[in-house]
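Going in written order, the chains are labelled A, B and C, and every chain counts its residues from 1.
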């Protein structure tokens, strides 16, 4: 019985690690292509006759003449921070509001919020473009931040509402008995306990905004304002680029969400799991 | 639980700002697009936009389907995507979640697999294009090792969509795996212990206890995956731009091409409405459970 | 006293503002550096300061309609696709009194003339002369330029047999224009300038006999495997230079991209008498704050003085008359001379523009790997014509 168990275990472990190795191959490949001069990998990055690791692809991508990735990263950060903080504030309050208070059409609101989770961005693209045109906000960062904020509110509201439903009301009721006002209850009692949910939502929203491509594509045009994600397809088709530069660019853009995942892994995963499993 | 009665003040402070933004930048545009799809060139209400879009063959190309050659039409392409990607990622995710539970260093392996979910999809598209390249792609390395002919998959009409679909399995499996992982943790150990005492085999336990208990999670995984497959855009834009000859085009990309290349907003609206109709349909379980929660 | 001061201030401000305009172009890096001396010359002459701003044409296609609808513009002189100009004449300043057709190469103004009114200027352009090869490569393998179609095919066959060759002709991938350039070369050789012009105007059907003739010839070569699989155009350039391919169809900007331009030779398809001369065009939007200064700049750019200054930098051919052949650097001089005997036409997909261009590129990528589907490709091209 024990032998069978042992064999089973070894099988499981080997299988697991083999899968891991195979799974990481594409990333390893792009990493190899990024750190070696393109001429070396032209017939496959697994060739190792010549191996001269270099940063030239990274500097080439970051400071590319026609579309410097560094500028794109800075632009993306400029968008991602406000587009995370603002919706988080608004949606946390709204989520709390729906979780705790009874007001007319509450159910409709919740259902609407969930429906918007299903909406594709394509459904709002054209009117948003028209609205932004008339507001003079086409090709402006704040226009994009505004749209991201609005788009992030439904899911964050739903997420925070689900979280608040798991918080026992007793503390809030106690505070109420002590004579605290509603906003005092919210800011002093509830918020501090909402930290895990807020961290999760923030991690996800930030990653989501950073990774966005479609909204940026329809709203941002000036070469100097292009976001990091927009510069990647440009490198693919438009400019004089090779796979070395493209790989380096891809890794650079990937690093930010990966860092967030590594540092905030617990919250990140809770974020993905938390609002889908009630 | 008891809900407190809301004062206007509560509503205004807590809910109104979010509601306002939602209404202006999400709800209004949604209905505007819906309306736009039914408006003709003179401003009259008409179905001609729908007619011309469906007749164009961009959505369903009956001729090509009969002849068995790509492109089959964007709707069919999305359907194919679902047919291949959904079962693969769901089963793989469950399998990996179960397997890696007891593996040493399983958490690291899970993180590696999850990386595909973390990267921006634009980069995902680059990775797929890279994987399937004729000269430097690893898929071709494997094929070559086993003696199969190699080519750049994304350059040929028969294989470009498939390349994208399989590549996207690599990207998305992490999602179902993570969700199932969490779900597996929620099954009480006592169930397993009881079953083992009764002498049930591991396999039997898996099928009789684990899977049924995971049903609600499965609904969620399937729903989210469906939504993702219907909305897919970034990957296709970067890897193939829908080509060659439209063989890897998808609904979302077609909408973009109508709206922002041909500048035909009415046709774009039609496609957008089509996608939305499908996604809302797919999200029915989610919507229902959200609604139910209030009956307490 | 206060009023006087205000008037002086406003006067000075307008003079100050009047002295600066913005020109928008798609060039960056080395190309932009080649444009700067032209602007500097203009500033010397007129004292008007010109600021250069870069925007790709695709981005302008999104941005300009939004700006124009609110009566604003990002620049005073804008370089853009003529298809865009033609569909937006109401936003563009009429230049008919400044620009006269007799001062330019024949046909140069076709794309910027709407209902007899001239709304844009042709600047300089690049020629797409034919298939480039390395002279050293040809010498090494005793190859010669073909005089007839059969000789051309024989040449391709011979190159196929050379060791290290992946395919005789390299195919460039990317957005799609490298494939469309070589396709247009076939159209021009076997249909003449007339066919190109008719296709642009929509007078001829893609599925008709006249259009099919050059396309069939192209498809026959594709079926024989004489063209390589499409590879990123800058990567395949490197591979072609290193001997993996014999011929590479490209525009004259190739001369600035290789280590040794003197090793370059170019051959056109036998019988070719017309080439694409891809001109850059510019216009003045009505919403410019300084139309007069913009007009001065546009006159300069359209005239022999400005264009001479540009071609002297190399890599450009002038559209205006009065630019002496000696102004060209040697490599470009050869091309300019080559141009003398041939008719020049506009780029096909740039002229039609819009979604058709994207479809054209996409369909050609399909044709390249599945030449058997020529008929359905031609049908798609025809049904997507605006």
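The rule we apply is simple: a contact is a pair of C-beta atoms (placed from the backbone, for glycine too) under 8 Å apart; a residue touches a chain by one contact, two chains touch by 3 or more.
Since we're looking at a predicted model, the values are computed, not measured.
Engineer: Going by C-alpha centroids, which chain is farthest from chain B? Tell me that one.
Structural biologist: The most remote chain is C.
Engineer: What are the two chains with the top count of C-beta contact pairs?
Structural biologist: Result: the chain pair A-B has the most contacts.
Engineer: Between chain A and chain B, what is the separation of their C-alpha centroids in Å?
Structural biologist: 16
Engineer: At what distance in angstrom does the C-alpha mean of chain C lie from that of chain A?
Structural biologist: Between these chains, centre-to-centre, one finds 40 Å.
Engineer: If you look at chain B, which of its residues touch at least two other chains?
Structural biologist: 135, 241, 260
Engineer: Which chain C residues reach two or more other chains?
Structural biologist: 62
Engineer: Out of chain A, which residues touch more than one other chain, so two or more?
Structural biologist: Residues 42, 218, 236-237, 243 of chain A each touch two or more of the other chains.
Engineer: What residues of chain C sit close enough to touch chain B in their complex?
Structural biologist: 62, 65, 173, 229-231, 354-355, 358, 362-363, 365-370, 373, 377, 380
Engineer: Touching chain C in the complex: which residues of chain B?
Structural biologist: 69, 134-135, 151-152, 155-157, 241-247, 257, 260-263
Engineer: Would you tell me which residues of chain C are touching chain A in their complex?
Structural biologist: Contacts found on chain C: 28-29, 54-56, 59-60, 62-63, 66-67, 69-70, 174-175, 232, 234-235, 238-239, 257.
Engineer: Touching residues of chain A toward chain C in the complex: what are they?
Structural biologist: 38-39, 42, 65-66, 129, 132-134, 136, 138-139, 218, 221-223, 236-238, 240-243
Engineer: Would you pull the chain A residues touching chain B in the complex into a rising list?
Structural biologist: 9, 12-13, 15-17, 19-20, 23-27, 29-30, 33, 41-46, 90-91, 93-94, 96-98, 100-103, 106-107, 109-128, 131, 146-147, 149-151, 153-154, 157-158, 165, 169, 182-183, 186, 207, 210-211, 213-214, 217-218, 229, 232-233, 236-237, 243, 246-247, 250, 253-254, 257-258, 261, 265, 269, 272-273, 276-278
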